[in-house]
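Here come two complexes built around subunit A, the first alongside subunit B, the second alongside subunit C.
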Partner chain A sequence: MVVCTGCSLLCEDIELALATGAISQVKNLCRKGHGHFQALFTERTMPKIDGQEVSVDQAIKKAADILRNAKHPLLYGWSNSTLEAQRVGIDLARKLGATIDDTMSFCRGILMERVLTGKLPTCTLDDVRNFADTSIFWGSDPSNSHPRHLSRFAYYPRGEKRQKSYEEERTCIVVDVRKSATAKLCSNYFRVPPGGDADFIASVIAVLDGKIPKYGDKKRMIELGTILRKTEYGAISPGLGLVSSIQDRIELLETLVAKLNEITTFKVVPMVEHYNTRGFNQLLLNDTGYLNSVSFHSGQVTHGPENSVIAAAKGCDAALVIGSDPLSSLPFGTAKCLARVPLIAIDPRRSLTTDAAKVVIPSAMYGLEAGGSAIRMDGVKIEFEPIVKSDLLSDEQILKRLKEEI
Partner chain B sequence: MVGAMEIYKLLPADACKECGYTSCMALAVALLNREKKLDDCPSLQNPKYADKFNKLKELLAPLEKASETGLIIHPEKCFGCGNCVVACPVNVAAEPTRCGIGLGPQGDKVILAVEDGVVKCMNVKECRRFGPNKIMCNACTVTCPSKAIEFV
Partner chain C sequence: MEAVVTVVTFRDIFQYEAEKKSRYSEDYRKLSAQIILDKQDMAGLGVKDSQNVLVKNDVGSIVVAVKTSEDDPHPGLAFMVNSPWSNQLVSDDVCTASIPGFKRISAQISPSGENVTQISELFQKMRGQGA
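Right, the complex of A and B next:
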């Protein structure tokens, strides 16, 4: 049995058979996870300094030199590393007086903060499977982002109190700007225009208060109100679509969830993309009181938008990127700033960031070549063992060696 | 997926009954159910129907890939979500503690399983759609978000 680290569902029921140099057969793994594992055999990184192949020791030494000499280093990524590696990373940031940030600070971080600090009630995905009769996917499309979400937890499986499952007992509601693959499966789809989620929330609250909604199709909104009122145990899975739409007005979602909880039970399980983003947020929150965008500069812990990767990239003089490809995923201005500074990339696979990096340190792929533990999107800790023997160092070992060198 | 009416429109519609059926519509249904072949229609072999014959051949080509229950899987569309695996009543009955609660199957008694990232069909005889007394179950097709599974 293998744990798939392709997304934050961390599926534990994967059966994998290996032949020399390839995966010969794998069962129960979705196409996303299959692609993730197949990438083990293609486009692997090599230790490099300025594009020239070197030994791992030389690459680590050079990376340590860059970080040691930097006044404002930035440590970015962390969503694709295990808890153990993240813990070492936070210690390294403290030692360097660096700014540390994850891949979610400028998108879903605001939602995760509410969940981790208890402002939004949450539950595990196992609770969703066992008890939930209504699942709301708001601004998220699990069929594409987390392919097995509906089949493992939210809609199709039989649960402890939901033996009749999707056929009779479960309702799935999708609120999205387009008819996504998930919306096609669910009978209740509500289309909102981009940026219209705040009005939609106001309408749902109005309907729950017994008022006529001002926004949307009144009849359908009242139907939605009836479904929500009849729900025994509901789960809301907000995605990037909702967070991007309401942005700083996340308290609207809090108000809605509080209103729903006056009537029945509703929980929020945020849709997290990378396999251990929540783990990093949880660790940093326990350590510093903030879940991302933290600076240890001058020995003090400071938090704020000025420490998020978007702002910090402009002011940093060296950057360590681990398990992420910011040059592809971040806005052009930020990517350009990052590309100008000496970049250290720790990644098992080749990406635009590793191509542009001054120092590349190859790492073992978690789930296959290295073991550890990670926190699933719902807060459950999952441990996994390596199944392939590899000479490559894990993120944790690389960071420990970097720390020692510094 | 192709329908009986589409097939009928391309048949000679001369009701010659030489195929053993009383009408061309009945033959169209038989062709759809793969009980008869195009060669069983003598009129269609006439050179004046050559165009229609070729079109029918093209139209019926995907049916050759179908299983005995008429299930067609398009692997290029499937993304291995496993909705069909968990929704299939036969799978749930075979492995209630696995497929029943959303996990992938371990045994070999199931009909559908995800292998190498795409769904695979096996044990066709266990399917509710198998045999003359079939039940028109469609749990696997209605739960597919990408329409990678369909029945003839």
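Right, the complex of A and C next:
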């Protein structure tokens, strides 16, 4: 059995056979996972300095020089590295007096902070499979982001207390701006306009209080209230759609969840995108008291939006990017800032970021060429072994070498 | 002819798969550089499926292909798969929660005779080498 590191479900039941240059046989892998494994064979990086191929040793030495000489280095990425690599990365940031941030600071970080600090009740995905009779995908679309979520946990499986599953015992609700692939599967779809989630929450609370909702189709909102009231064990899986709609008014979700828990049981499991985002958040929280956007400048730990990648990119004089492609995934202005500083990219595969990097250090692909451990989206630790022999260094080994050089 | 729309980005598993084969591939470009428009907006703009449009705002501009929405009517609302193309239009001026407006981009759309923007052009812009 192989663990798939294609998303934060970390599916552990993958059966896989590889032939030269391709996957020859596979079982239980979703389309996303298949793409992830197939990436082993395409667009791999080579060690480079200023676009010229060099040895790995030379690339690491050059990267160490850049970081050593930087006054305000930024270390960014981390969501596609193991816990072991992330630990070394946090140590490296401390040693450099650097700013360290991850891919959650500009999306679901505000939500994850509430879960990790106990402000929102949570549960494991195994609890969802065994007990949940209502699942709400709110601003999330697992059919595209976490394709096996519905089949392994939320909707289709026959769990301990849910043997009659989706045919009789499970209800799936989707709240979204668009009729997503998941919304098409579930009979209860509620469309909200962009930014309309706060009003939707207020209406749900109103119907739970027995009042007439001011927003949305009154009849459908009352029906939704009835489903929620009859729920024995509910799970809310919020995505970026919800978080970006309510922004810093996350207490609206807390109020709704508290209200639901006055009536029945409802848990929140955020839809984390990358396979070990939660691991990084948990490690940094344990170490510094903050889950991301931390600066170790001048030996002090500081936290705030000024240390998020969006802001820090504007003021950094060098950046190390690991397992991420911010030039593709971040706003144009941020990408432009990063493209103009000495950039070190540690990545198994070519990207816009590796193309712009002054130094490229190729790394082994975790779950395929290197082993380690990671935290699933629900907080469960998963360990995995490599399935392919590789001479490539892992992120952990590269970061240790960098630390020694510095 | 011009229309003002709110662009909402989303994830697409087929685009993800294409990216894993190659971010520089034609498949990835086709699945990324397209905007899903409501039929009413398309009629107002005088564009048909697969025709190119210029999408622009204060942050940037891109030329992408139109795809007809199969969803219930949503005039004024457009959808794009999250990609380096859509990110050309996303401001890095964030609110207090540090979340850029990936899910609510205000933009103007007009028909275009230009070719769809290539990823190499986006890259050049980031490096300050393009228009």
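Points to keep in mind about this one:
Here is the rule we go by: the second predicted complex is superposed on the first by the 405 of 406 C-alpha atoms of A that agree within 3 Å, B and C clash if a C-alpha of one lies under 4 Å from a C-alpha of the other, contacts with A are read in each partner's own complex, and residues count from 1 in each chain.
One rule holds in what follows: contacts are C-beta pairs under 8 Å (C-beta built on N, C-alpha and C of every residue); 3 or more make two chains touch, one makes a residue touch a chain.
These numbers were taken from a predicted model, which means no experiment stands behind them.
In the superposition on chain A, A:31 makes contact with both subunit B and subunit C.
Look at A:355: by the touch rule set out above, it reaches subunit C but stays clear of subunit B. Residue contacts after overlaying the shared chain place A:340 against subunit C, while subunit B stays out of touching range.
In the superposition on chain A, A:15 makes contact with subunit B only, not with subunit C.
Note on subunit A: of its two partners subunit C and subunit B, the one contacting more of its residues is C.
In the superposition on chain A, A:222 makes contact with neither subunit B nor subunit C. Look at A:143: by the touch rule set out above, it reaches both subunit B and subunit C. When the two complexes are overlaid on their common chain A, residue A:151 makes contact with subunit B while staying clear of subunit C.
By the document's definition of touching, neither partner reaches A:206: not subunit B, not subunit C. When the two complexes are superposed on chain A, the residues of subunit A that touch both subunit B and subunit C are 31-32, 34-35, 143-144, 147. Taken together, the subunit C residues at the contact with subunit A in this complex read 6, 8, 10-14, 16-17, 19-24, 59-60, 71-72, 74, 77, 79, 82-84, 87-104, 119, 122-123, 125-128. Residues 13-15, 25-35, 129, 143-144, 147-148, 150-153, 155-159, 166, 181-182, 184-185 of subunit A are the ones touching subunit B in the complex. Subunit A contributes residues 31-32, 34-36, 38-39, 42-43, 105-107, 109-110, 141, 143-145, 147, 177-180, 191, 193-195, 240-241, 243-245, 247-248, 250, 293, 305, 308, 310-311, 325, 327-336, 339-340, 350-352, 355-356 to its touches with subunit C in the complex. Contacts from subunit B toward subunit A in the complex involve residues 78-83, 85-87, 92, 96, 98, 100-106, 113-118, 143, 145-146.
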